[in-house]
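There are two complexes below, and they share chain A, which is joined by chain B in the first and by chain C in the second.
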Partner chain A sequence: MNPKNWFEESHSEMPKPWWWVFIGFLILGGLILPMFTEIDVHLDMSIIFIFALLSLSMGFLWGYGGMLSFGQTIFFGLGGYTYAIWSLNFNETTFGLILAVFVPLLVSCALGYFMIYGRISNIYFTVTTLVTTIVLEKAVRATSDERFVIGSVRLKGQNGISSVPDLQIPWNPDETLFLTGVYYVTFVALFLTYIALRMLLITHFGRVLVSIRENENRTELLGYDARRYKLGAFVISGGIAGLAGALYGIWGNFVAPEMMNLNSAANIVMYVIVGGKSTLIGPIFGTAVVQRVTTELGMAGVGQVTLYLGLMLIIFVMVFPRGILPTLGTLTFITFDKIRNYYKNNFDKGDKDGQ
Partner chain B sequence: MANKSDYILQTRQLSKHFGGVKAISNVDFNLLHGELRCLIGPNGAGKSTFFKMLSAQHAPTSGEIFFKGHNTTKAGIHKVSRLGIGIKNQVPDVFDGLDVKENIWLAARFCNTAEKALHIVDDIISRLSLELIAHKLVGELAHGERQWVEFGMVSALDPQLLLLDEPTAGMTVDETAKTAELILELNKTISIIVVEHDMQFIRKIANIVTVFHQGKILMEDTMENIQQNELVRNIYLGKS
Partner chain C sequence: MNEIIIYLYQIAFSLGLFILISLGLAIIFGMMGVINLAQGEFIMLGAYFCLFSTQAGFPFWISVIFASLGVGIFGIIVERLLIRFLYGRIMDTLLATWGLSLFMVGLVTTIFGPSEAGVEAQLGKIWFGDYSIATYNLVLILLAFVMLALTYCLWRFTKFGLIVRGTMQNPNMSAAMGINTKLYYMLTFGLGSALTGFAGAMIAPIVGNQPTMGVFYVAKAFITVISGGQLPLMGTFIASTIFGITDGIVSFASTQVVGEICVLLVAILLLRLLPKGITGRFKRGF
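For the complex of A and B:
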């Protein structure tokens, strides 16, 4: 391997020890954070974790599978609505959460089958996912009428479904998780998913997936059926987005068509671009940064927050096209390399002088 | 006259048209088991298009392809590869963002267990003397080195028919000589078709040579006879 960058180490090898130490610290930090902070911080952090999970699903698909899905919000919305409808109908949440992953898995399988086995090109893949999320949003918006009822739950169109139940503790359904509890659930979900995806990249499946991103023709010439691998990646990321959607419903006790609109879809793309799609930690980092900036801009009362965010996106695409983390990684690496060379040269010179 | 089962590869009236351009028209081509065949012809004669049809990267406009008796005319790329055709494309077709070892591993791992794949990778790396660049990204290598990497990938697949499109382009004289040795070594067990422009190289390895011209087979003969042929000389000097 040719380590030009500390954050982009070879994906196909087991992570180095320092990676585990780094992740260990992050997890430790995440676990003890609630002990030193107020409730409002937990609430803010939870929503960052939820959107980080969603952008992770997209970053994985884009950065490692080479497929830019503009419609991860399809599965985000589906996950949220599935959880809401099941848990309101049956007053039970554990299976609702499982179903909120399972339904997006099925839908992404069907949608992915037609797109990937139909061999549409990457640009049409992006457009199709984008259009699907908008169509789905409009469809859900049009369900205000009383006729649209699933079980005993009215879909209520653009008003969304409120009073989505809190998550029950599986072995003790009378008790529900609230605020800090939700913080822990979202945190654990995010980091388990992150580690699982990182491990997936070491497997044969993960390595073939990356080779498809590099050169699909060559992968096929080696005998692999690229479509199976691409569909697999699409389904995995659909399931993750569904989980994020359910957690969003739990976090705000509310699901609405806005989860699937153009604005949400574009935000996710922005998180991934800002953080850097060539890494898995990048999208998580990008989500935190952009959300923080959004909040700060809102509080500073600048008015058109979206306009400033757009400006930020343009700057990133033009100046740091690889995103924050990969750029930082390269810069620190070059700096350390220069320092090392400087000392090495001086040492060598001293050695020669001595002789 | 040889029996049908003696042929590993046959094409019948194979044609490929790009719009109005007839890149390949009505080619009947036969290759015996264990044969080493060279294809020559000026640029644009249709050699690479022919190769891309054999490996299913292009769908033929008309005609049929038979490999080991299977009709592969409409098969997918990966299916043809699984049947045992390996191809090295003219422009090195490799994974630029991955290192040399990973490139070859992806090929070796396709039909081997994880343990055996590692063994094959080490074997190929030492056989092609790629040790020094094993951990470099393929995108950073010189053209000749990228050729070696692709050659390594294709041989890791252990194909029964190997298609090599200009395998010595960008190589030094020594490297070219080594490639010739490797090809002759591989030919002891598998059938090979080579597209080349380097006549000395062809003379070293070839038995029967097929000349392509304007999408058709012009002649098929030994290298000596072909070099003395007036028509072939005219084509190469641009008089036809």
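For the complex of A and C:
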């Protein structure tokens, strides 16, 4: 019933040579793109890369760990705030960036421990992360009072923290990265993460993770403690989301509670669903497509974007639950199969006729 | 003395609110197993129905009934168009209803604008020394308990309740007994929606109506029903009590946001200690 699919071929094997060629071309394209385009394109592309990184973290956790976490935006926000607070306090950004990955790692570890080690089912996991997102956003919004100061930085509640410093070059702190520099940083971060996750899936850890998604009970009966692997996946994706958050702060020189609200969580889920959650390239592709569409919709001034997002979400869940890329992959596979069979039949017939 | 009364009132009010907003979800999620993330928007819809009905000149209590009926019918429409294709596909239900929630927020914002509008339901105040309590809030607490009791009686003592419980427990067996299970799924979802609409109409006078008001109620409702566990009504009641007391005490001592954070922490702790919910080990009941 489930025809083989070019985009979701067994991910537990070393990637095929054509995959390396494909990735090589993408990376080459990404690296030379700034030479032929204007600054505004770099700016637009950087934000797509940042959100792609975030949806990659969700797609990994959801598609391969079987856990849909709305909490990715929590770690996204945490990463951004950590970077902003550290770099504003100490006027130093390299360690701030490291910390922006580390703090979400710790928080996801704590949150994940309570949820995953309590062995709550995947659906309760989803709802708990959702609730945590809602409450945390409200908490951050409530910090507008002057009492809420970390070091010398006021949290400022829903106004967010502005004038977040640019990223300094580690060996030369006087120089900061700007526009095109940020483009390269986000691009490299995205593709390194993508390749690292792809490689992670062929390790022991990745294989056990996929087997847990397929059948948790059976994996446990084989002697694996599913909770450890699930927590591991949750923590990894939390760290990636934190990195994306810090990059967002660098990109816009601004962090705000909107980073972790439900609407941004909705966007990320959209990206992953539209692209196809059973692949790693899908979320990246989905981010580019949906970002484009929502920007166009917003510019066309056709009213509330959430209205169309909601409709899109319903349509995708009801009609294309697997997302664009896997559906396309299956379609092309079926088509090629048909063509091959057709030729094979004709060829066989011709053979017979010839005899 | 007066301070103690105010304190108790604060706790009772939190408790009443928790029961009110979780009751609809206790039926839709607790009994039917449908994760309805648009629950908050159902509440919002109830509040808007109530608002327009009072603006059209109907008395407040009639408007509450209109709101319940309106959201109930809306729920049945949603069940026919969306939910019925998704029974048993719990993750897809979650995503589709989330889409519905975004859609409803977008639609209501487009039509009525993002601004707030209040509903008037002044019943006066009761004074305890220097403190005053709005009588309406006391009525709200009372009605929350009445609705809980009525729902319990409906499931426990009527033929309708018996059929619904049987259908939810084992749809195939019920269908074999000649029950139109699809009809009962639809009616149960409608009833849950109607209760949600009632909650929306009841809280309309104490909060400002705005399209995004649903978000905070959906969070509260879900942690209550999930922490409650497998017996929807009993679980909802016990969880509401725990969260209501926590919220009441902390909100009174500190701010409302701290109260909500504490409720969340208690809920996460409860999930770790009792992963199957408070009533996870109970054998019988609702």
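List of remarks:
Throughout what follows, the second predicted complex is superposed on the first by the 352 of 355 C-alpha atoms of A that agree within 3 Å, B and C clash if a C-alpha of one lies under 4 Å from a C-alpha of the other, contacts with A are read in each partner's own complex, and residues count from 1 in each chain.
One rule holds for everything that comes next: contacts are C-beta pairs under 8 Å (C-beta built on N, C-alpha and C of every residue); 3 or more make two chains touch, one makes a residue touch a chain.
The model shown is predicted, which means the values in this text are computed figures rather than measured ones.
Bringing the complexes onto one copy of chain A puts chain B beside chain C with no clash. By the touch criterion stated above, A:N217 is placed in contact with chain B alone, chain C being left untouched.
Within the superposed three-chain arrangement, the count of touched residues of chain A is higher for C, of the candidates chain B and chain C. Once the two complexes are laid over each other on the shared chain, residue contacts for A:V208 go to chain B alone; chain C is not touched. Contacts of A:I98 after superposition: neither chain B nor chain C is touched.
Contacts of A:I120 after superposition: chain C is touched, whereas chain B is not reached. Using the contact criterion defined above for the overlaid structures, shared-chain residue A:L33 touches neither chain B nor chain C, since it reaches no partner.
Of the two partner chains placed by superposition, only chain C is touched by A:V135; chain B is not. Superposing the two structures on chain A brings chain B to within 5 Å of chain C, judged by their nearest Cα atoms.
Overlap of the chain B and chain C contact sets on chain A: empty, with no shared residue.
Residues of chain C touching chain A in their complex: 35, 37, 82, 85, 90-92, 94-96, 98-107, 109-110, 215-216, 218-219, 222-223, 226, 255, 257, 260-261, 264, 267-269, 271-273, 275. Contact residues of chain A toward chain B in the complex are 1-2, 10, 12, 204, 207-208, 210-211, 213-215, 217-226. Partner chain C is touched in their complex by these residues of chain A: 68, 111, 114-115, 117-120, 122-124, 126-128, 130-132, 134-135, 138-139, 142, 262, 266, 269, 273, 303-314, 317-318, 321. Against chain A, the residues of chain B that register as touching in their complex are 55, 57, 76-78, 81-82, 86-87, 93-99, 102, 105-107, 109-111, 114, 135-137, 140, 153, 157.
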